[in-house]
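Following this line, the structures themselves.
Okay, so chain A shows up in both of these, paired with chain B first and chain C after.
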Partner chain A sequence: MIIMKFNLDSPLGKAIRTLLLQVISIIFGLLVGAIAIKLSGRSVVDAYTALYNGAFVGRTSLELTILNAIPLVFTGLSIALGFRAGLFNIGAEGQLILGGIAATWVGTTLNVGPVFTTALALMAAAAAGLIWAFPAAWLRAKKGAHEVITTLMLSYIALHLMNFVRKNWLYDPQSTTESSITVNENAKLVLINKVLPFFELGNTRVHTGVLIAIGVVVVMWFFLYKTIWGFEVRIVGDNTSAASASGVSVSRTIILSLCLGGVLAGLGGGVQLLGLYHRISVDSFVGLGFTGFFIALLAQNQPLGMIPAAIFFGALRAGALNMQFQANVPMSLTEFLQGILILFIAVPVLGKSLKMFKAIPDESE
Partner chain B sequence: MDIIQQLIDPTMFASTIRLAVPIAYAALGAMFCERAGIINIGLEGQLLTASFFSVIATYFSGDPIIGVFGGILSASLVSLLFGALTIGLNGNQIIVGTGVNIAVTGLFGFLSFMLFNSPGVTPTVTGIKAISIPYLSQIPWIGEALFVHTPTVFLLPIVVGLCYLLLYRTPIGLRIRVSGDNPIVDEAAGVNVLYVRYIAVILSGVLTGLGGVNLALEGSKFYQDSLVAGRGFIGLAANIFGGWTPIGGPLISLVFGFARSLMFRVQGLNIPQEFFFMLPYALTLIVMVGAATRSEAPLALGENFIRKE
Partner chain C sequence: MEPIIKLESITKDFGRVRANDSVDMELYPGEVVGLLGENGAGKTTLMNVLYGLVMPDEGQIKIKGENIDIGGHSPADSIRLGVSMVHQEFMLVNRLSVMENLIIGEEPTKHGLIDKGEAEGFVRRLSDKYELEVDPNDIVGDLSVSERQRLEILRALYHQAKVLILDEPTAVLAPSEVQSLFNIIRQLRDDGMCIVLIAHKLKEVLSICHRIYVLREGKIVGETTADETTQDKLAHLMVGEDYQRFSEEDRKKKVIKTNSPVLEVSEIWVSDTYGNWQVKGISLDVYPGEIVSIAGIAGNGQSQLEQALAGLLPIKKGQVFLDEKNVTNFSVLERKKGGLGYIPQDRHEYGLALSFSVKDNLILGRHRLSRFNRWGVMKYKKIEKAVNQEIKDFDIVCESMSVEARSLSGGNQQKVVLARAVADEPKVLLASQIGRGLDVSAIANIYRYLQKLCDEGKGILLVSFDLDEVFELSDRIYIMRGGEFVGELDNQNATRQKVGELMTGAE
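After this line comes the complex of A and B, so read on.
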């Protein structure tokens, strides 16, 4: 009976099972959303049509989906790296903001020609993310202070620091919205139609951050699965005491994974600022870090899974914006759905029920 | 000179107490959860829930008393949801807590838009006014500092006492402490650890309910997304630094209350106000450094308990 021999514990089987779980979760989430819309007296069909159109129909929608997805790839990776080491880097939000602040500072004060200015600003962003992650990493590794509280506190501090930057330090006297000054042209990330002229993309808002995001995903995959450090991160997360017994420095691995997570989130903040915002405004960066938590869960902490997960949520955000205009259903619904989906994914009941498929008797041997 | 004068001002003292109270209720909630072995990040969401529904219930009934019950009941229901997903269905405590926080924030944004067409903000309601205790409030300095407050402030010392008695002087308190340190012992004694943990989590719901009532009905008189602003997490930190005790956490909360009250005091100084907004969070970080060197954390903290049939 060769047909029955499909093994759900094989890598392919696992991938299919994971995918199935995510699809069921998302359908469930959309159902909860439908109930909420229905209860509030709006038309579910209208709302979800607007959601779909806003996410996928037409060039502007698709571009918005991609633009929304870019920073989420970085924060998703950042938080996933923590998860892999058994840590909860909930404060990726703060590290992202610090990256954005550093990129603004470099991008407004330094001008050493195209590409170089951008590169320096991105490096500063990554360094700022690292600096913001380090206290939490060190406290966790050396003092055992819970990283959830420390990274969150650093996030709140980062938020107020950002407000200080846009209102005081780098404030724009001409701005009526209390925004910071704009970075110079050489610091901005090049638009993607400039570097890929042969695709004839025409006018677009999509910037080269999308290429950086893909590159970082590949690097993180390589790091986790092909390097000793990545291996150490994974075994510390799987079994801390066994890792420690076999000579892996647990505290070094904790510091490494949280700090590298800071670098990723900081870089994401830099990319978002230099690619899209170009200056800090009132609502810059809001929620990108916390959404990364959801992206990491949805991607099951797999680096390659970040791209589809980020695109899914990017589409949801883009669609929700349209839904708010067209169907009078507020964007907060996506946040609610995100929370419900996290709860759904967190509970392993569904994972167990999917494993029941495995119980097919293997008669060929 | 001016600063010192402000620091010994009775209103400064009063605002320290007032601003410590919601954190103290959160710290007590955190205390019960953690003593039972559960890290409840969802405290933040529970405070938010109580704030929202105490305002909503007051808005639609016109009676703040209904609002108080609405706040406590709704926060208890959210804590029950947290409990069901972690204790009942064995979900990871941190992930479920984060999910709860994100879901309730989104839900209230959604509901406030649907009800009032303003995402994340509700209209102002009557609320609950401060009470002056007769005679005592007439005492110079002390009266103004200690005896003119809103009801949940006066309630706090009583609640602290009750929590102390419950934890150390009743069988259920003993069961809570054992289920956080060594849940197998509870089971060996014929006690269902899961029920004990449910009770602890629901207690945190009631306590954060009071904290939310303090923030919304007695404080701002309306709900907005940023009303809680991390007080749930600060409560977790206060509980840890307070040594996981019913008295330590609320006492540490006073330090946070002081940091917050400074924000409104030093605006005359030439320092951007953002730095004062950072103070409570920076203080929490410092507290976490100090607390981390302590080692009296419940032994089974953060571990789900799976019953053997």
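After this line comes the complex of A and C, so read on.
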């Protein structure tokens, strides 16, 4: 009866419906995944138990989930900001890498004591992300060059630049894996048990990047919903013509949203490097930017949605790894499962076919 | 006589809105039936039900006495049974030719290949018979709106329609084009076709329709014939008892000609994005307290002129003075600060962000004013206070300021755009197609408000394709054709005929 009275069209009702829709999409994805696992002759129960255990059960699992989630919050926000202005910022991958390179450079060459070194390295990372985003932003706003092409190209350049840096400029001759040199201790992000001693977290790998991520989410929420610039980003994304007819500078807003997206991704790269990698290796940063798309999608471009969305993907990654070890599910099948889940979230057809999620119909005339 | 169409207690809900409420209707061959009602009354929904685009929740449809399975009814069935519909948005493929568009879905073939000769012959035959004036080989993208409309009618004829539904067909046409459309409709009627005209312009309905149904809030509130009724009677049926027409008496023609115009445009040239001149050396002036209209058929450079004056398109040559200040190179925002209020031509495309709240839309464009933000952070308390006041002042009907602008009726959406445009005491209001698509009562409200602004000494420049609007409101009329002004008349010596001739270039 309470449900009957609940207004589905209120803002809270909409938020709850969105959340439920995502959950149902995930369930559908898991069901299809179950069929695939069954067909491959393995136990579905075993596989999903392993998935769950690997993501949430036990300290190591939880930590892995959180560590996986941290960079995704940043790239998700970066991409969502573009989406909000009606732009496809494919470049978060490259901006993230540039942030990582800048953080490595500062972290290996500068040492001005704890906290300060980290702060400077993070600033450098954010600036590097900005620099990598600006050409695409400027070309889009002033010349109309499509941001998908420019940011994608810049991402490839970034990838090769990272390899160059790793093998030449910041090359570590002692490394057997062709990694770069490691940042100094003062540049590393402090582990979370050091800043929150009263929680008695004991030994952990989780670093303070998690706090930065939460802070950035809150700042972005404030930016989008409470400031005139965020308002303009949202209006431009909804109706460019109406925005310009009422005096909003569309080109300035495009530059702002893409550049700020660059800052966020760059910062994410810095956090990931200073918190987890500590040096650039062969597989650093791979796919974090692109995965940001799914985070943005799952969070419906809502800043506050980034945290659960990133945790979900972090958990999926962690769980999939465990599924390989514990339930003997081959890597290809875990990747299939991830793909299916992404597909169901991206195209929530099945969930939407349920009556309560039917879009409110168009006006009668 | 047997009705060709019979609708019985059709009911359709959209969410919590009842679009059609047990509607009964009969249509006979050889008649023109008007379906009249305000926006949102359910006219289009009802016809979409008949056409098979919308599935009704309840009710029965009989075509030629045959019961239609409403669950499986589709436009393809309707077309097969001789029911065609021309929507407001034309369903044409712009890159194909007239002939190709015509035969989509029912291509005449010869040896497995498309028989173009046959289709071409068909177009030419009907073109001659009904004076449709379309060339089978023209590309649809190059056709004018009225030519596209004729092609849609032709397509119905190609499918051997017995019932033709036209959704607001005159909304996009110039007066002379309306007359030729009506001539075509009369001929089709005489040939035994049944034509249903969805409309909200009373004068037109009375001039062409035989029988008239009036819909209000999804219900049929009146069925009458053109001989038995009057414009005022129909208007009251459509909107209920409290409707008051905007009349000549409301429009007090008192012009205060001060020495200096509040808007002065001298010899401006504007080009479109392809570099073609669309506005060729236009000069105009607007004095405080007068309403000046720019009349003309759509596509003669009005929208470029409008956008250039608003600051959306660059002015290549010439100058614009707003309150004696040269604003030629000012941005939209700078013009707004300089005293220009702007109501753009299409409230859905240029006026509103439809999925944003009423509040956001009312504040849009004003959010950068110092009273609404401090260091970039919006002062929501102040904004909400101002918005509340504006909703009250302009009588904007909405559940709350947080509902989406989309959920408002057209009239209330236009009030949002109007409220925003005049909120900061502009000296000049530039308004384009201000009454388009609005109900009679909403139009009367908006016109009354323009009159009030005018009394307050503001100058108003209207751009309008609607001659009724031009004549009801203007003190002076500029007539625009081919990017130039071809005439300037004041309300004393302007007649419809004269303006019509100038618009079309017919001498």
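Throughout what follows, the second predicted complex is superposed on the first by the 324 of 365 C-alpha atoms of A that agree within 3 Å, B and C clash if a C-alpha of one lies under 4 Å from a C-alpha of the other, contacts with A are read in each partner's own complex, and residues count from 1 in each chain.
Going forward, a contact is a pair of C-beta atoms (placed from the backbone, for glycine too) under 8 Å apart; a residue touches a chain by one contact, two chains touch by 3 or more.
Computed from a predicted model, the values in this text were never measured in an experiment.
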Considering only touches as defined above, state whether A:Thr227 meets chain B (first), chain C (second), both or neither.
second
Which chain, chain B or chain C, is in touch with more residues of chain A?
B
For A:Leu343 in the superposed arrangement: first (chain B), second (chain C), both or neither?
first
Look at A:Ser246 in the shared chain and tell me whether it touches chain B only, chain C only, both, or neither; answer first, second, both or neither.
second
Write out the stretch or stretches of chain B touching chain A in their complex.
39, 41, 85, 89-92, 94-96, 98-110, 113-114, 119-120, 229-230, 233-234, 236-237, 240, 272, 274-275, 277-278, 281-282, 284-285, 288-289, 291-293
Mind listing the chain A positions that touch chain B in their complex?
36, 40, 88, 90, 135, 139, 143-146, 148-150, 152-154, 156-157, 160-161, 163-164, 167-168, 290, 293-294, 297, 330-343, 345-349
For chain C, which residues count as touching chain A in their complex?
12, 14-15, 17, 19, 39-45, 218, 310-312, 331-333, 336, 342, 344, 349-356, 360, 364-365, 367-368, 373, 376-378, 380, 402, 406, 420
Mind pulling up the chain A residues that touch chain C in the complex?
11, 226-229, 231-232, 234-235, 238-239, 241-249, 360-365
